[in-house]
Amino acid sequence: MPFTYNRSVRFQDTDAAGVVYFTNILGICHEAYEESLEAAGIDLKAFFSNPAMAFPIVHANVDFLRPIFCGDKLLVNLMPQKLSGEKFEIAYEISLADVLVAKAITRHVCIDVSSRSKQELPSEIINWLEMNRRDAEEAERRKARETM
Amino acid sequence: MPFTYNRSVRFQDTDAAGVVYFTNILGICHEAYEESLEAAGIDLKAFFSNPAMAFPIVHANVDFLRPIFCGDKLLVNLMPQKLSGEKFEIAYEISLADVLVAKAITRHVCIDVSSRSKQELPSEIINWLEMNRRDAEEAERRKARETM
Amino acid sequence: MPFTYNRSVRFQDTDAAGVVYFTNILGICHEAYEESLEAAGIDLKAFFSNPAMAFPIVHANVDFLRPIFCGDKLLVNLMPQKLSGEKFEIAYEISLADVLVAKAITRHVCIDVSSRSKQELPSEIINWLEMNRRDAEEAERRKARETM
Amino acid sequence: MPFTYNRSVRFQDTDAAGVVYFTNILGICHEAYEESLEAAGIDLKAFFSNPAMAFPIVHANVDFLRPIFCGDKLLVNLMPQKLSGEKFEIAYEISLADVLVAKAITRHVCIDVSSRSKQELPSEIINWLEMNRRDAEEAERRKARETM
(Lines give C-alpha, C1' and ligand atoms only; values in the text may rest on other atoms or scores of the structure.)
Protein backbone atom coordinates (compact mmCIF):
# COMPACT_ATOMS: atom_id res chain seq x y z
CA MET A 1 0.00 0.00 0.00
CA PRO A 2 1.26 3.51 -0.72
CA PHE A 3 1.68 5.71 2.32
CA THR A 4 -1.62 7.26 3.37
CA TYR A 5 -2.31 10.22 5.64
CA ASN A 6 -5.67 10.98 7.26
CA ARG A 7 -6.53 14.63 7.71
CA SER A 8 -9.69 16.39 8.87
CA VAL A 9 -10.31 19.72 7.17
CA ARG A 10 -10.10 22.52 9.75
CA PHE A 11 -12.08 25.74 9.99
CA GLN A 12 -8.78 27.58 9.48
CA ASP A 13 -8.35 25.82 6.11
CA THR A 14 -11.53 27.43 4.76
CA ASP A 15 -12.20 30.89 3.34
CA ALA A 16 -15.22 33.19 3.00
CA ALA A 17 -16.40 31.21 -0.05
CA GLY A 18 -17.08 28.37 2.42
CA VAL A 19 -14.56 25.88 0.99
CA VAL A 20 -10.87 25.11 1.48
CA TYR A 21 -8.57 27.97 0.39
CA PHE A 22 -6.60 26.59 -2.56
CA THR A 23 -3.06 26.79 -1.16
CA ASN A 24 -4.07 24.82 1.95
CA ILE A 25 -4.43 21.62 -0.06
CA LEU A 26 -0.74 21.85 -0.95
CA GLY A 27 0.01 22.43 2.75
CA ILE A 28 -1.95 19.26 3.59
CA CYS A 29 0.13 17.37 0.99
CA HIS A 30 3.30 18.61 2.68
CA GLU A 31 1.98 17.27 5.99
CA ALA A 32 1.62 13.84 4.33
CA TYR A 33 5.26 14.13 3.19
CA GLU A 34 6.32 14.96 6.76
CA GLU A 35 4.38 11.99 8.16
CA SER A 36 5.94 9.62 5.63
CA LEU A 37 9.46 10.88 6.46
CA GLU A 38 8.76 10.29 10.14
CA ALA A 39 7.38 6.81 9.40
CA ALA A 40 10.76 6.09 7.76
CA GLY A 41 12.56 7.02 10.99
CA ILE A 42 13.62 10.53 9.98
CA ASP A 43 13.73 13.16 12.75
CA LEU A 44 11.65 16.07 11.42
CA LYS A 45 13.21 18.82 13.50
CA ALA A 46 16.74 17.87 12.41
CA PHE A 47 15.64 17.25 8.81
CA PHE A 48 13.85 20.56 8.28
CA SER A 49 16.32 22.82 10.04
CA ASN A 50 19.54 21.13 8.98
CA PRO A 51 21.99 24.02 8.42
CA ALA A 52 23.93 21.97 5.83
CA MET A 53 21.34 20.26 3.65
CA ALA A 54 17.83 21.19 2.49
CA PHE A 55 15.24 19.93 0.00
CA PRO A 56 13.44 23.04 -1.26
CA ILE A 57 10.43 22.65 -3.51
CA VAL A 58 11.23 23.92 -7.00
CA HIS A 59 7.84 23.16 -8.54
CA ALA A 60 4.34 22.39 -7.30
CA ASN A 61 1.01 21.95 -9.02
CA VAL A 62 -2.48 21.06 -7.91
CA ASP A 63 -5.81 20.22 -9.57
CA PHE A 64 -9.09 20.59 -7.76
CA LEU A 65 -11.85 18.22 -8.80
CA ARG A 66 -14.48 18.86 -6.10
CA PRO A 67 -15.09 21.48 -3.41
CA ILE A 68 -13.72 20.53 0.03
CA PHE A 69 -15.51 21.62 3.23
CA CYS A 70 -14.74 22.07 6.93
CA GLY A 71 -14.93 18.71 8.71
CA ASP A 72 -14.26 16.65 5.57
CA LYS A 73 -12.17 13.55 6.33
CA LEU A 74 -9.49 13.55 3.65
CA LEU A 75 -7.24 10.65 2.77
CA VAL A 76 -3.94 11.58 1.11
CA ASN A 77 -2.00 8.97 -0.88
CA LEU A 78 1.67 9.80 -1.37
CA MET A 79 3.83 8.37 -4.16
CA PRO A 80 7.42 9.66 -4.30
CA GLN A 81 9.78 9.03 -7.19
CA LYS A 82 13.48 9.72 -7.78
CA LEU A 83 14.03 12.00 -10.79
CA SER A 84 17.83 12.22 -10.77
CA GLY A 85 20.71 11.99 -8.32
CA GLU A 86 19.67 15.30 -6.76
CA LYS A 87 15.92 15.45 -7.37
CA PHE A 88 12.71 13.70 -6.42
CA GLU A 89 9.02 14.26 -7.01
CA ILE A 90 5.97 13.37 -4.96
CA ALA A 91 2.53 12.72 -6.46
CA TYR A 92 -0.43 13.07 -4.10
CA GLU A 93 -4.00 11.88 -4.53
CA ILE A 94 -6.49 13.42 -2.11
CA SER A 95 -9.78 11.60 -1.74
CA LEU A 96 -12.91 11.79 0.34
CA ALA A 97 -15.04 8.68 0.84
CA ASP A 98 -13.23 6.98 -2.10
CA VAL A 99 -13.85 9.91 -4.46
CA LEU A 100 -10.82 11.77 -5.77
CA VAL A 101 -11.18 15.47 -4.84
CA ALA A 102 -7.71 16.81 -5.70
CA LYS A 103 -4.33 15.78 -7.13
CA ALA A 104 -0.99 17.46 -6.59
CA ILE A 105 2.73 17.21 -7.29
CA THR A 106 5.74 18.67 -5.47
CA ARG A 107 9.27 18.52 -6.92
CA HIS A 108 12.21 18.76 -4.52
CA VAL A 109 15.91 19.31 -5.09
CA CYS A 110 18.66 18.52 -2.60
CA ILE A 111 20.96 21.49 -1.97
CA ASP A 112 23.85 22.60 0.15
CA VAL A 113 22.25 25.33 2.27
CA SER A 114 25.15 27.80 2.34
CA SER A 115 26.10 27.69 -1.37
CA ARG A 116 22.57 26.72 -2.48
CA SER A 117 24.17 24.42 -5.08
CA LYS A 118 22.69 20.99 -5.87
CA GLN A 119 24.02 17.92 -4.11
CA GLU A 120 23.41 14.16 -4.11
CA LEU A 121 20.36 12.86 -2.23
CA PRO A 122 21.49 11.41 1.12
CA SER A 123 20.95 7.75 2.06
CA GLU A 124 18.00 8.48 4.35
CA ILE A 125 16.07 9.98 1.41
CA ILE A 126 17.16 7.16 -0.91
CA ASN A 127 15.80 4.67 1.65
CA TRP A 128 12.56 6.60 2.03
CA LEU A 129 12.16 6.73 -1.77
CA GLU A 130 12.75 2.98 -2.12
CA MET A 131 10.45 2.11 0.75
CA ASN A 132 7.57 4.17 -0.63
CA ARG A 133 8.26 3.20 -4.24
CA ARG A 134 8.03 -0.50 -3.44
CA ASP A 135 4.81 0.03 -1.50
CA ALA A 136 3.29 1.98 -4.39
CA GLU A 137 4.32 -0.67 -6.93
CA GLU A 138 2.79 -3.45 -4.86
CA ALA A 139 -0.44 -1.49 -4.64
CA GLU A 140 -0.39 -1.05 -8.43
CA ARG A 141 0.12 -4.79 -8.99
CA ARG A 142 -2.65 -5.64 -6.54
CA LYS A 143 -5.01 -3.21 -8.25
CA ALA A 144 -4.09 -4.68 -11.67
CA ARG A 145 -4.84 -8.22 -10.43
CA GLU A 146 -8.16 -7.13 -8.97
CA THR A 147 -9.31 -5.54 -12.22
CA MET A 148 -8.32 -8.57 -14.35
CA MET B 1 -10.72 13.01 31.71
CA PRO B 2 -10.85 16.39 29.96
CA PHE B 3 -10.97 16.23 26.17
CA THR B 4 -7.49 15.82 24.71
CA TYR B 5 -6.25 16.41 21.18
CA ASN B 6 -2.98 15.05 19.78
CA ARG B 7 -1.23 17.22 17.23
CA SER B 8 2.17 16.94 15.55
CA VAL B 9 3.83 20.28 14.87
CA ARG B 10 4.12 20.78 11.10
CA PHE B 11 6.87 22.47 9.10
CA GLN B 12 4.25 25.03 8.03
CA ASP B 13 3.69 25.95 11.70
CA THR B 14 7.29 27.12 12.05
CA ASP B 15 9.01 30.37 11.08
CA ALA B 16 12.55 31.46 10.20
CA ALA B 17 13.44 31.58 13.91
CA GLY B 18 13.11 27.77 13.83
CA VAL B 19 10.16 27.51 16.24
CA VAL B 20 6.36 27.64 15.98
CA TYR B 21 5.03 31.04 14.83
CA PHE B 22 3.05 32.36 17.79
CA THR B 23 -0.41 32.61 16.24
CA ASN B 24 -0.28 28.96 15.13
CA ILE B 25 -0.60 27.76 18.74
CA LEU B 26 -3.98 29.48 18.91
CA GLY B 27 -4.90 27.81 15.62
CA ILE B 28 -3.97 24.42 17.12
CA CYS B 29 -6.21 25.21 20.12
CA HIS B 30 -9.07 25.92 17.73
CA GLU B 31 -8.49 22.53 16.11
CA ALA B 32 -8.91 20.94 19.56
CA TYR B 33 -12.21 22.84 19.92
CA GLU B 34 -13.36 21.51 16.53
CA GLU B 35 -12.43 17.94 17.47
CA SER B 36 -14.32 18.19 20.76
CA LEU B 37 -17.43 19.55 19.02
CA GLU B 38 -17.27 16.66 16.58
CA ALA B 39 -16.82 14.18 19.45
CA ALA B 40 -20.10 15.57 20.84
CA GLY B 41 -21.88 14.73 17.58
CA ILE B 42 -21.86 18.23 16.09
CA ASP B 43 -21.52 18.46 12.29
CA LEU B 44 -18.62 20.86 11.71
CA LYS B 45 -19.57 22.02 8.23
CA ALA B 46 -23.10 22.96 9.33
CA PHE B 47 -21.87 24.45 12.62
CA PHE B 48 -19.20 26.72 11.15
CA SER B 49 -21.14 27.95 8.12
CA ASN B 50 -24.58 28.25 9.69
CA PRO B 51 -26.09 31.38 8.10
CA ALA B 52 -28.27 32.01 11.20
CA MET B 53 -26.03 31.40 14.22
CA ALA B 54 -22.30 31.86 14.87
CA PHE B 55 -19.91 31.78 17.84
CA PRO B 56 -17.22 34.37 17.06
CA ILE B 57 -14.23 34.68 19.34
CA VAL B 58 -14.33 37.99 21.18
CA HIS B 59 -11.12 37.47 23.19
CA ALA B 60 -8.10 35.20 23.04
CA ASN B 61 -4.86 35.04 24.96
CA VAL B 62 -1.86 32.76 24.98
CA ASP B 63 1.26 32.28 27.12
CA PHE B 64 4.35 30.54 25.80
CA LEU B 65 6.45 28.69 28.36
CA ARG B 66 8.87 26.77 26.11
CA PRO B 67 9.89 26.86 22.45
CA ILE B 68 8.01 24.40 20.22
CA PHE B 69 9.70 22.74 17.23
CA CYS B 70 8.74 20.96 14.01
CA GLY B 71 7.84 17.33 14.73
CA ASP B 72 6.94 17.94 18.41
CA LYS B 73 4.03 15.76 19.53
CA LEU B 74 1.73 18.15 21.35
CA LEU B 75 -1.13 17.17 23.64
CA VAL B 76 -3.88 19.78 24.01
CA ASN B 77 -6.25 19.62 27.00
CA LEU B 78 -9.48 21.52 26.50
CA MET B 79 -11.68 22.78 29.37
CA PRO B 80 -14.76 24.80 28.32
CA GLN B 81 -16.93 26.76 30.73
CA LYS B 82 -20.22 28.64 30.40
CA LEU B 83 -19.84 32.33 31.29
CA SER B 84 -23.42 33.51 30.76
CA GLY B 85 -26.48 32.57 28.73
CA GLU B 86 -24.75 33.78 25.56
CA LYS B 87 -21.04 33.26 26.28
CA PHE B 88 -18.53 30.52 26.94
CA GLU B 89 -14.80 30.30 27.41
CA ILE B 90 -12.32 27.54 26.67
CA ALA B 91 -9.05 27.06 28.56
CA TYR B 92 -6.34 25.07 26.79
CA GLU B 93 -3.19 23.48 28.21
CA ILE B 94 -0.63 22.46 25.61
CA SER B 95 1.99 19.99 26.79
CA LEU B 96 4.85 18.00 25.34
CA ALA B 97 6.01 14.82 27.10
CA ASP B 98 4.10 15.89 30.26
CA VAL B 99 5.71 19.34 30.34
CA LEU B 100 3.41 22.34 29.90
CA VAL B 101 4.67 24.39 26.91
CA ALA B 102 1.79 26.86 26.42
CA LYS B 103 -1.58 27.89 27.85
CA ALA B 104 -4.39 29.69 26.06
CA ILE B 105 -7.95 30.92 26.39
CA THR B 106 -10.61 31.70 23.79
CA ARG B 107 -13.90 33.43 24.67
CA HIS B 108 -16.89 32.92 22.37
CA VAL B 109 -20.23 34.67 22.11
CA CYS B 110 -23.32 33.28 20.41
CA ILE B 111 -24.77 35.69 17.85
CA ASP B 112 -27.47 35.97 15.24
CA VAL B 113 -25.39 36.23 12.04
CA SER B 114 -27.51 38.79 10.16
CA SER B 115 -28.11 41.26 13.03
CA ARG B 116 -24.86 40.29 14.83
CA SER B 117 -26.76 40.63 18.13
CA LYS B 118 -26.21 38.21 21.03
CA GLN B 119 -28.47 35.23 21.44
CA GLU B 120 -28.89 32.30 23.83
CA LEU B 121 -26.51 29.35 23.49
CA PRO B 122 -28.30 26.51 21.66
CA SER B 123 -28.86 23.09 23.27
CA GLU B 124 -26.06 21.39 21.31
CA ILE B 125 -23.54 23.81 22.85
CA ILE B 126 -25.10 23.48 26.32
CA ASN B 127 -24.72 19.69 26.00
CA TRP B 128 -21.13 20.00 24.80
CA LEU B 129 -20.34 22.34 27.73
CA GLU B 130 -21.88 19.96 30.28
CA MET B 131 -20.18 16.91 28.81
CA ASN B 132 -16.75 18.51 28.89
CA ARG B 133 -17.31 20.22 32.23
CA ARG B 134 -18.17 16.94 33.93
CA ASP B 135 -15.14 15.26 32.40
CA ALA B 136 -12.86 18.06 33.56
CA GLU B 137 -14.30 17.94 37.11
CA GLU B 138 -13.80 14.20 37.35
CA ALA B 139 -10.21 14.63 36.26
CA GLU B 140 -9.74 17.31 38.95
CA ARG B 141 -11.16 15.02 41.64
CA ARG B 142 -8.99 12.13 40.49
CA LYS B 143 -5.90 14.34 40.54
CA ALA B 144 -6.84 15.58 44.05
CA ARG B 145 -7.18 11.98 45.32
CA GLU B 146 -3.87 10.98 43.80
CA THR B 147 -2.00 13.83 45.47
CA MET B 148 -3.57 13.14 48.89
CA MET C 1 1.94 48.16 -18.16
CA PRO C 2 0.63 44.89 -16.68
CA PHE C 3 -0.85 45.20 -13.21
CA THR C 4 1.84 45.06 -10.55
CA TYR C 5 1.57 44.39 -6.83
CA ASN C 6 4.26 45.22 -4.28
CA ARG C 7 4.57 42.88 -1.33
CA SER C 8 7.10 42.65 1.50
CA VAL C 9 7.81 39.12 2.64
CA ARG C 10 6.59 38.68 6.23
CA PHE C 11 8.09 36.63 9.05
CA GLN C 12 4.89 34.58 8.99
CA ASP C 13 5.58 33.64 5.34
CA THR C 14 8.82 31.89 6.31
CA ASP C 15 9.49 28.44 7.75
CA ALA C 16 12.21 26.80 9.84
CA ALA C 17 14.40 26.42 6.72
CA GLY C 18 14.67 30.24 6.79
CA VAL C 19 12.91 30.90 3.48
CA VAL C 20 9.32 31.41 2.31
CA TYR C 21 7.13 28.31 2.78
CA PHE C 22 6.20 27.23 -0.75
CA THR C 23 2.41 27.62 -0.60
CA ASN C 24 2.72 31.22 0.59
CA ILE C 25 3.95 32.35 -2.83
CA LEU C 26 0.65 31.21 -4.30
CA GLY C 27 -1.14 33.11 -1.53
CA ILE C 28 0.83 36.24 -2.47
CA CYS C 29 -0.23 35.74 -6.10
CA HIS C 30 -3.85 35.58 -4.97
CA GLU C 31 -3.36 38.89 -3.15
CA ALA C 32 -2.21 40.42 -6.46
CA TYR C 33 -5.40 39.08 -8.08
CA GLU C 34 -7.49 40.67 -5.30
CA GLU C 35 -5.71 44.02 -5.72
CA SER C 36 -6.25 43.98 -9.48
CA LEU C 37 -9.96 43.21 -9.06
CA GLU C 38 -10.25 46.12 -6.65
CA ALA C 39 -8.36 48.39 -9.06
CA ALA C 40 -11.06 47.52 -11.62
CA GLY C 41 -13.76 48.74 -9.23
CA ILE C 42 -14.87 45.34 -7.94
CA ASP C 43 -16.02 45.17 -4.29
CA LEU C 44 -13.98 42.33 -2.76
CA LYS C 45 -16.32 41.47 0.09
CA ALA C 46 -19.30 41.10 -2.27
CA PHE C 47 -17.20 39.32 -4.92
CA PHE C 48 -15.69 36.68 -2.63
CA SER C 49 -18.78 35.89 -0.59
CA ASN C 50 -21.39 36.12 -3.33
CA PRO C 51 -23.88 33.33 -2.51
CA ALA C 52 -24.82 32.97 -6.22
CA MET C 53 -21.55 33.11 -8.17
CA ALA C 54 -17.98 32.01 -7.41
CA PHE C 55 -14.69 31.59 -9.27
CA PRO C 56 -12.95 28.63 -7.63
CA ILE C 57 -9.41 27.76 -8.66
CA VAL C 58 -9.36 24.46 -10.52
CA HIS C 59 -5.61 24.38 -11.17
CA ALA C 60 -2.53 26.12 -9.84
CA ASN C 61 1.17 25.69 -10.42
CA VAL C 62 4.29 27.43 -9.25
CA ASP C 63 8.01 27.33 -10.08
CA PHE C 64 10.63 28.57 -7.64
CA LEU C 65 13.82 29.95 -9.17
CA ARG C 66 15.51 31.52 -6.14
CA PRO C 67 15.08 31.38 -2.36
CA ILE C 68 12.93 34.19 -0.92
CA PHE C 69 13.66 35.65 2.53
CA CYS C 70 11.86 37.66 5.24
CA GLY C 71 11.92 41.36 4.34
CA ASP C 72 12.36 40.79 0.58
CA LYS C 73 10.46 43.38 -1.48
CA LEU C 74 8.64 41.35 -4.09
CA LEU C 75 7.03 42.72 -7.23
CA VAL C 76 4.23 40.60 -8.69
CA ASN C 77 3.19 41.04 -12.34
CA LEU C 78 -0.27 39.71 -13.14
CA MET C 79 -1.41 38.75 -16.65
CA PRO C 80 -4.94 37.31 -16.87
CA GLN C 81 -6.35 35.66 -19.98
CA LYS C 82 -9.80 34.36 -20.96
CA LEU C 83 -9.73 30.63 -21.75
CA SER C 84 -13.39 30.09 -22.63
CA GLY C 85 -16.79 31.57 -21.85
CA GLU C 86 -16.57 30.20 -18.30
CA LYS C 87 -12.84 30.07 -17.59
CA PHE C 88 -9.85 32.34 -17.18
CA GLU C 89 -6.23 31.92 -16.22
CA ILE C 90 -3.78 34.25 -14.53
CA ALA C 91 -0.02 34.12 -15.06
CA TYR C 92 2.14 35.69 -12.36
CA GLU C 93 5.80 36.70 -12.45
CA ILE C 94 7.35 37.37 -9.05
CA SER C 95 10.58 39.32 -9.10
CA LEU C 96 13.00 40.86 -6.64
CA ALA C 97 15.22 43.74 -7.73
CA ASP C 98 14.47 42.90 -11.39
CA VAL C 99 15.40 39.24 -10.99
CA LEU C 100 12.65 36.67 -11.53
CA VAL C 101 12.36 34.54 -8.36
CA ALA C 102 9.15 32.60 -9.05
CA LYS C 103 6.41 32.10 -11.65
CA ALA C 104 2.89 30.85 -11.09
CA ILE C 105 -0.44 30.19 -12.76
CA THR C 106 -3.96 29.96 -11.37
CA ARG C 107 -6.93 28.77 -13.45
CA HIS C 108 -10.43 29.84 -12.42
CA VAL C 109 -13.88 28.67 -13.46
CA CYS C 110 -17.10 30.60 -12.97
CA ILE C 111 -19.78 28.55 -11.21
CA ASP C 112 -23.25 28.81 -9.79
CA VAL C 113 -22.59 28.31 -6.06
CA SER C 114 -25.64 26.18 -5.19
CA SER C 115 -25.52 23.77 -8.15
CA ARG C 116 -21.74 24.12 -8.59
CA SER C 117 -22.30 24.00 -12.38
CA LYS C 118 -20.30 26.21 -14.77
CA GLN C 119 -21.75 29.51 -15.90
CA GLU C 120 -20.75 32.40 -18.18
CA LEU C 121 -18.21 34.91 -16.88
CA PRO C 122 -20.06 38.07 -15.77
CA SER C 123 -19.42 41.48 -17.36
CA GLU C 124 -17.29 42.74 -14.45
CA ILE C 125 -14.82 39.90 -15.01
CA ILE C 126 -14.90 40.38 -18.81
CA ASN C 127 -14.06 44.06 -18.25
CA TRP C 128 -11.27 43.20 -15.83
CA LEU C 129 -9.84 40.68 -18.32
CA GLU C 130 -9.90 43.20 -21.17
CA MET C 131 -8.41 45.97 -19.08
CA ASN C 132 -5.49 43.82 -17.94
CA ARG C 133 -5.05 42.12 -21.30
CA ARG C 134 -4.67 45.47 -23.10
CA ASP C 135 -2.19 46.66 -20.49
CA ALA C 136 -0.12 43.51 -20.84
CA GLU C 137 -0.11 43.75 -24.65
CA GLU C 138 1.03 47.36 -24.57
CA ALA C 139 3.86 46.38 -22.25
CA GLU C 140 4.85 43.60 -24.66
CA ARG C 141 4.90 46.02 -27.63
CA ARG C 142 6.94 48.56 -25.66
CA LYS C 143 9.42 45.90 -24.65
CA ALA C 144 9.67 44.70 -28.28
CA ARG C 145 10.37 48.28 -29.50
CA GLU C 146 13.00 48.79 -26.84
CA THR C 147 14.88 45.64 -27.79
CA MET C 148 14.82 46.47 -31.56
CA MET D 1 2.21 60.22 15.65
CA PRO D 2 2.46 56.56 16.66
CA PHE D 3 3.62 54.22 13.94
CA THR D 4 0.73 53.21 11.68
CA TYR D 5 0.44 50.34 9.24
CA ASN D 6 -2.16 50.08 6.46
CA ARG D 7 -3.38 46.61 5.61
CA SER D 8 -6.13 45.36 3.32
CA VAL D 9 -7.88 42.24 4.56
CA ARG D 10 -7.18 39.37 2.16
CA PHE D 11 -9.44 36.51 1.10
CA GLN D 12 -6.92 34.18 2.73
CA ASP D 13 -7.48 35.94 6.09
CA THR D 14 -11.15 34.92 6.11
CA ASP D 15 -12.86 31.67 7.08
CA ALA D 16 -16.12 29.90 6.20
CA ALA D 17 -18.00 32.15 8.66
CA GLY D 18 -17.24 34.99 6.20
CA VAL D 19 -15.06 37.07 8.54
CA VAL D 20 -11.37 37.21 9.48
CA TYR D 21 -10.15 34.03 11.24
CA PHE D 22 -9.21 35.18 14.75
CA THR D 23 -5.49 34.35 14.75
CA ASN D 24 -4.94 36.35 11.56
CA ILE D 25 -5.49 39.64 13.40
CA LEU D 26 -2.48 38.81 15.57
CA GLY D 27 -0.52 38.00 12.41
CA ILE D 28 -1.48 41.42 11.00
CA CYS D 29 -0.24 43.03 14.24
CA HIS D 30 3.08 41.23 13.80
CA GLU D 31 3.33 42.66 10.28
CA ALA D 32 2.95 46.16 11.79
CA TYR D 33 5.80 45.31 14.20
CA GLU D 34 7.97 44.20 11.25
CA GLU D 35 7.20 47.40 9.32
CA SER D 36 8.08 49.56 12.32
CA LEU D 37 11.39 47.72 12.83
CA GLU D 38 12.21 48.28 9.17
CA ALA D 39 11.25 51.97 9.44
CA ALA D 40 13.86 52.18 12.24
CA GLY D 41 16.55 50.86 9.88
CA ILE D 42 16.56 47.26 11.11
CA ASP D 43 17.25 44.57 8.50
CA LEU D 44 14.38 42.08 8.87
CA LYS D 45 16.12 39.05 7.41
CA ALA D 46 19.11 39.43 9.77
CA PHE D 47 16.87 40.35 12.73
CA PHE D 48 14.49 37.39 12.45
CA SER D 49 17.03 34.70 11.66
CA ASN D 50 19.86 35.86 13.89
CA PRO D 51 21.42 32.64 15.22
CA ALA D 52 22.58 34.43 18.43
CA MET D 53 19.67 36.61 19.55
CA ALA D 54 15.89 36.30 19.28
CA PHE D 55 12.80 38.05 20.68
CA PRO D 56 10.18 35.32 21.09
CA ILE D 57 6.66 36.28 22.07
CA VAL D 58 5.89 35.02 25.58
CA HIS D 59 2.35 36.38 25.76
CA ALA D 60 -0.27 37.66 23.35
CA ASN D 61 -3.87 38.70 23.71
CA VAL D 62 -6.51 40.11 21.41
CA ASP D 63 -10.02 41.54 21.76
CA PHE D 64 -12.44 41.67 18.84
CA LEU D 65 -14.96 44.49 18.88
CA ARG D 66 -16.47 44.21 15.37
CA PRO D 67 -16.44 41.65 12.57
CA ILE D 68 -13.77 42.23 9.90
CA PHE D 69 -14.40 41.34 6.25
CA CYS D 70 -12.41 40.66 3.08
CA GLY D 71 -11.36 43.94 1.46
CA ASP D 72 -11.58 45.98 4.69
CA LYS D 73 -8.86 48.66 4.84
CA LEU D 74 -7.41 48.31 8.33
CA LEU D 75 -5.19 50.83 10.07
CA VAL D 76 -2.95 49.41 12.79
CA ASN D 77 -1.48 51.73 15.45
CA LEU D 78 1.54 50.32 17.22
CA MET D 79 2.74 51.47 20.67
CA PRO D 80 5.75 49.60 22.08
CA GLN D 81 6.95 49.94 25.67
CA LYS D 82 10.00 48.68 27.56
CA LEU D 83 9.00 46.44 30.50
CA SER D 84 12.46 45.58 31.88
CA GLY D 85 16.03 45.27 30.68
CA GLU D 86 15.10 42.12 28.75
CA LYS D 87 11.43 42.60 27.92
CA PHE D 88 9.15 44.82 25.89
CA GLU D 89 5.46 44.90 25.06
CA ILE D 90 3.57 46.21 22.05
CA ALA D 91 -0.01 47.47 22.19
CA TYR D 92 -1.92 47.53 18.89
CA GLU D 93 -5.14 49.30 18.00
CA ILE D 94 -6.78 48.12 14.78
CA SER D 95 -9.35 50.45 13.30
CA LEU D 96 -11.48 50.71 10.18
CA ALA D 97 -12.72 54.11 9.03
CA ASP D 98 -11.88 55.57 12.48
CA VAL D 99 -13.80 52.86 14.35
CA LEU D 100 -11.81 50.58 16.63
CA VAL D 101 -12.40 46.96 15.52
CA ALA D 102 -9.78 45.09 17.57
CA LYS D 103 -7.05 45.60 20.18
CA ALA D 104 -4.06 43.38 20.87
CA ILE D 105 -0.88 43.05 22.89
CA THR D 106 2.30 41.04 22.28
CA ARG D 107 5.01 40.66 24.92
CA HIS D 108 8.56 39.86 23.79
CA VAL D 109 11.64 38.73 25.67
CA CYS D 110 15.20 38.97 24.41
CA ILE D 111 17.04 35.65 24.57
CA ASP D 112 20.31 34.02 23.65
CA VAL D 113 19.18 31.51 21.00
CA SER D 114 21.44 28.58 21.94
CA SER D 115 20.95 28.68 25.74
CA ARG D 116 17.47 30.24 25.47
CA SER D 117 18.35 32.35 28.57
CA LYS D 118 17.27 35.98 28.86
CA GLN D 119 19.64 38.73 27.82
CA GLU D 120 19.69 42.55 27.70
CA LEU D 121 17.81 44.27 24.87
CA PRO D 122 20.33 45.40 22.21
CA SER D 123 20.78 49.05 21.26
CA GLU D 124 18.81 48.76 18.02
CA ILE D 125 15.72 47.69 19.98
CA ILE D 126 16.32 50.39 22.65
CA ASN D 127 16.44 52.96 19.82
CA TRP D 128 13.30 51.57 18.21
CA LEU D 129 11.49 51.65 21.59
CA GLU D 130 12.51 55.26 22.24
CA MET D 131 11.62 56.40 18.75
CA ASN D 132 8.14 54.89 18.90
CA ARG D 133 7.59 55.88 22.54
CA ARG D 134 8.31 59.54 21.80
CA ASP D 135 6.00 59.45 18.78
CA ALA D 136 3.20 57.91 20.83
CA GLU D 137 3.66 60.48 23.64
CA GLU D 138 3.52 63.39 21.20
CA ALA D 139 0.33 61.98 19.73
CA GLU D 140 -1.13 61.74 23.25
CA ARG D 141 -0.22 65.38 24.00
CA ARG D 142 -1.67 66.56 20.70
CA LYS D 143 -4.88 64.64 21.34
CA ALA D 144 -5.07 66.12 24.87
CA ARG D 145 -4.67 69.68 23.50
CA GLU D 146 -7.31 69.11 20.85
CA THR D 147 -9.86 67.90 23.38
CA MET D 148 -9.24 70.84 25.76
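Couple of notes before you dig in:
When the chains are written out, they are named A, B, C and D in that same order, and each has its own residue count from 1.
To be clear about the criterion, contacts are C-beta pairs under 8 Å (C-beta built on N, C-alpha and C of every residue); 3 or more make two chains touch, one makes a residue touch a chain.
Keep in mind that this is a model prediction, so the values were computed, not measured.
The greatest centre-to-centre distance from chain B, using averaged C-alpha positions, is reached by C. The interface holding more C-beta pairs in contact, when B-D is weighed against B-C, is B-D. Chain A and chain B have CA centres that are 29 Å apart. Chain B and chain D have CA centres that are 25 Å apart.
Between the Cα centres of chain B and chain C there is a gap of 36 Å.
Multi-chain contact residues of chain B, defined as those touching 2 or more other chains: 11-12, 14-19, 23, 27, 30, 48-49, 69-70. Chain contact summary for the complex, chain B toward chain C: residues 11-12, 14-19, 21, 23, 69-70.
Interface residues of chain A, counted against chain B in their complex, comprise 8, 10-12, 14, 18, 27, 30-31, 34-35, 38, 43-45, 48-49, 69-72.
Against chain D, in their complex, chain B makes its touches with residues 15-17, 19, 22-24, 26-27, 30, 48-49, 54, 56-64, 67, 106, 116.
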